[in-house]
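Across the two complexes that follow, chain A remains constant while its partner is chain B and subsequently chain C.
Let's turn to the complex of A and B:
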């Protein structure tokens, strides 16, 4: 029993981190129609930004965390300027945008490799080393910190999207990009906001993950693929669906590791995704009849 | 400074014409053609836009147009030729409508004789790269069938090859299967794996499927790399049976591997030709993305066709996987890397998605960058990334879409230039002239406008003075031109002199131009003599001319 709870908490921690990337993928797709596969690069970029800040500016963990988020914003805006803004009004935008983001991640990964070398880096523990014991279960500070900080981030983003003027613009773009541009919502400007916000989320997840795992030029790949899978399961374009999917996949990971074995996590995960997608082709919370037509 | 006074001498003066007017001052002569030339000249720079005048056209005879070489025993012609007449010289000529077979022939001929003409120094390295090129080009051709022909955006192509390669390799090592069975077994593995990943393709569309297959690729990678049976310790599985005999000299081995990869490429090209160019490919061309419902309404079962193409490609990919295992005596994990997928995507993107030449040439470019120019180091991946960026930013469909894109751009430019050129004098709006039945009227108006423009330049005090002195009779050249124009005017609203009382009262009227409808009075002014009335009428017409 203790094992299961431990694994569940692990699963939820990981789900929080990957869920951030998933929500980022989801928002980008639904607001901009851009299938951004360069979150891996933004992830590593943000991680290295945090690492540089820790090395050269100030070693205070909270500061490093915020610098990671800031670096994520920079990375997101960079991808927006390089790919989204030049390509968004050209024919075959979706496929060209996707390949463009892949190209950015290829170039960016190589540049990171050139500048920082293949040696892995480690970020400091942001939340200290304390432990709490609740009902026979030991919770470490970093797990609680990960869960709380990602929930705060997600809540802030959702609040911002619900209540601010910019959020209204982004939601209008999600519903109907064409009509949104007719009523005066700038596609490029909104693109920069969206990419900055999603970059911030990726940056947070990069900082959170790099304190547990190591940071390397291509370490963003797994979180991105996990995030994409979660977004796919939850339904591209739905924040609620992404959260549900992250929880489901976190549970799946914990249960598979416990009962079948760690090697089979991805197999059960994709079997689950395929089964869900066969019955609901647009994911758990995706709208069934209408796809976003970019 | 005194202006040179221009005078006109009345040619009738020698007979002593009554009423004088022997010599009058007049404006200098103006060429009426000038305005004509000015109006008809192009106001924008006209650039030469070529029409293939550089293209070689073989001579022809009218009777020989139908004598064509054919592939025995089919009715297919070897080259698609067309007999035409040269527009300039009216000579009968033959043109090649489709020159791609020529390029294919020479390209493949080069690949076939490459081992004998490559420089001796780095021949082995180049031939090894050539072998890699053959295998990757074959994989990319199958991938092009899936993405381009079937329109299924699958990123799990390299996963199928990898799975097939790993399983056949494992079978060969553990059961001792000979090399020639590996591709055949690989076909079945490819089919099985293809069926599994084709299932969601029926329900998901476009990019959902792309993302799913990306995940499947990762799944295969993780599953294989963590599996002890597949050599998680040694970074891959090695020791499969191979068709390249270890007893041969190293050069013979290189030649054998190069030519086997070349044969694989030829086979993949044939597969592409027979899937994409035949019935199944044709019906899929009717059902591009977002036009599926039209295809369905036309009686095309596009889903079935898509899955068929997908499964055929999967079988071929499985074959390539088995071949891969037998070729390299094993297989490494990097076949499942995300990096490999990105490189493959770079190959087909740079060449152009959906075309066989795009897949092959794109593969060639990337293989040269990746495997031949190794001394560039990690820089070469940055170059590949920049090439990809360039392709998606500026090209609509890769290298082989440039021709079409350029043609479209040129037509656009041509139309822009043409639209600036058709502007003549603005005498009639374009939509008016389309509505007018009598097109002569359009031209008459244009001519009329030019004439009025010219006549305006003639009006000056001299000719008004001349007319005042002598309204009738012979006049100077300039005045005569103006008067001819006035007299030729249409009957409606033409000014005429009305005699109220002979030698005392004259008035100016305008004709209605319609039979039976009386003229209208234009002014109340009374002229004392007919000459005064003539001049008043002339002034009125001059005023109308200058104001129009």
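Let's turn to the complex of A and C:
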């Protein structure tokens, strides 16, 4: 019993961290048509932003966490200015966008390596070291903190998308970019909003992961690969699909680590994704969708 | 009366294809103008050129004294939102809708000026008075509506803002005649105090007697003009 609850908590923690990146990938893809491969860079960028803030500004953990999110926003807007705005209306935008964001990711990673060196950095524990015991299961503060802060972030983003004017514009652009420009929605301006919000999500995820693992110039690559694969499983473009996919893959990761071994996580993960995509080519979102297309 | 829309020497097209040829058009405030022409003669492209949605264009387009035309060679839609903000309400042909938004949100998305966004509730009520069938469907995703209802939503979206020029592109296309007529009636109910309206149609009979002028369009040029009662002799 203990073991199972422990596994569940682990699965959910992992799902929260990667789910944030996955939702970011998903929103960017459907709103801007950009498969943003630079989330790895934004991830490390945000991590180093938080680390610098801790060293030079103020060591208070919650402040550091918020600085991580802020650095994520800066990173997102930077990628938007460097890649999305110059190429979004050129022919073959999808491929160019992919190459451009990949280039930003690689060059950016090298710049981080140059500036901070290869030595891994560690962020402070944001949520303290206290432990709670519920039904014989010990929950550490950091796991609870990860779960709660990710849920708050996701709720805020979804609420904002549902109720604000900008959110309406973004959703409109996700559904029909051509009609969106007809009703006066500017692609470039919306692009900056989208990248800022998804950057914030990536920043949170970076801060949360770097406190338990470590931070290095390329530590964002694995979360990005996981994020993209979760987004694929969820059906690119669907926030709900991405959340469900994150939970499924989070459990998969926890279960695989427990019963088969940590080395096999990617194998089981991609097998799962392939199986789902064979039967549901549009991912989990294909099951959820209620409205017919176009 | 003042000119609300003045187009001079407009050419536009897609790639190497030139669809609009040196077109001139002047529309006065308060006018309702019908543009008729067969498929593929450039009615939609004319609207898209005004909105900056063609691949390239040149020539002058002045809305209410403000130049919105520019010589461009790439990036369709790059400036469209700016043009729309100058007071252009486009009711596009076919299914240019956001299938996942509810009817309510969809109407809101048409309120592109800050004032109309503030007054969006009241505007919505006005539009629902015109399109009664939408009242029951206000929280339904647009993707689940029928063709006629979708067109109502798409036209309603164009009516949400205080535009200077309304452009309705074949509002009746593909609809049952009765529904099409109803939609046209709704369009004619829009109050044109400081604005004007252009309706593109293939069916001359539908517009007859209802608009102030009918202009024929043929091979990318405007050909002939008539007050709407004389329009029957106007094919070509």
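The rule we apply is simple: the second predicted complex is superposed on the first by the 285 of 294 C-alpha atoms of A that agree within 3 Å, B and C clash if a C-alpha of one lies under 4 Å from a C-alpha of the other, contacts with A are read in each partner's own complex, and residues count from 1 in each chain.
Note that a residue touches a chain if its C-beta (ideal position, glycine included) is under 8 Å from a C-beta of that chain, and two chains touch if they have at least 3 such contacts.
The structure presented is a predicted model; accordingly, all values stated were derived computationally and were not measured.
Superposition of the two structures on chain A leaves chain B and chain C fitting side by side, clash-free. Using the contact criterion defined above for the overlaid structures, shared-chain residue A:254 touches neither chain B nor chain C, since it reaches no partner.
In the superposition on chain A, A:65 contacts neither chain B nor chain C. In the superposition on chain A, no contact is made by A:9 with either chain B or chain C.
Touched residues of chain A were counted for both chain B and chain C, and B has more of them. Using the contact criterion defined above for the overlaid structures, shared-chain residue A:17 touches neither chain B nor chain C, since it reaches no partner. In the superposition on chain A, contact is made by A:99 with chain B only, not with chain C.
Of the two partner chains placed by superposition, only chain C is touched by A:89; chain B is not. Between the C-alpha centres of chain B and chain C, as viewed from that of chain A after superposition on chain A, lies an angle of 50 degrees, to the nearest 10.
With both structures placed on the common chain, the touch criterion links A:215 to neither chain B nor chain C.
The superposed three-chain arrangement places the nearest Cα atoms of chain B and chain C 7 Å from each other. In the three-chain superposition model, chain A touches both chain B and chain C at residues 90, 291. Residues 153, 199-200, 203-208, 210-212, 214-216, 218-219, 222-223, 226-227, 338, 342, 345-346, 349, 353, 378, 381-382, 384-386, 388-389, 391-393, 396-397 of chain B touch chain A in their complex. If you check the complex, the residues on chain C that touch chain A are 51, 53, 74-78, 80-82, 84-85, 90, 92, 95-101, 105, 108-110, 112, 117, 141-144, 157. On the chain A side of its complex with chain B, the touching residues are 35, 37, 82-83, 86-87, 90-92, 94-100, 102-107, 110-111, 113-114, 221-222, 225, 228-229, 231-232, 236, 263, 266-267, 269-270, 273-274, 277-278, 281-283, 291. Chain A makes touch with chain C in their complex at residues 89-90, 165, 168-169, 171-172, 174-187, 189, 290-294.
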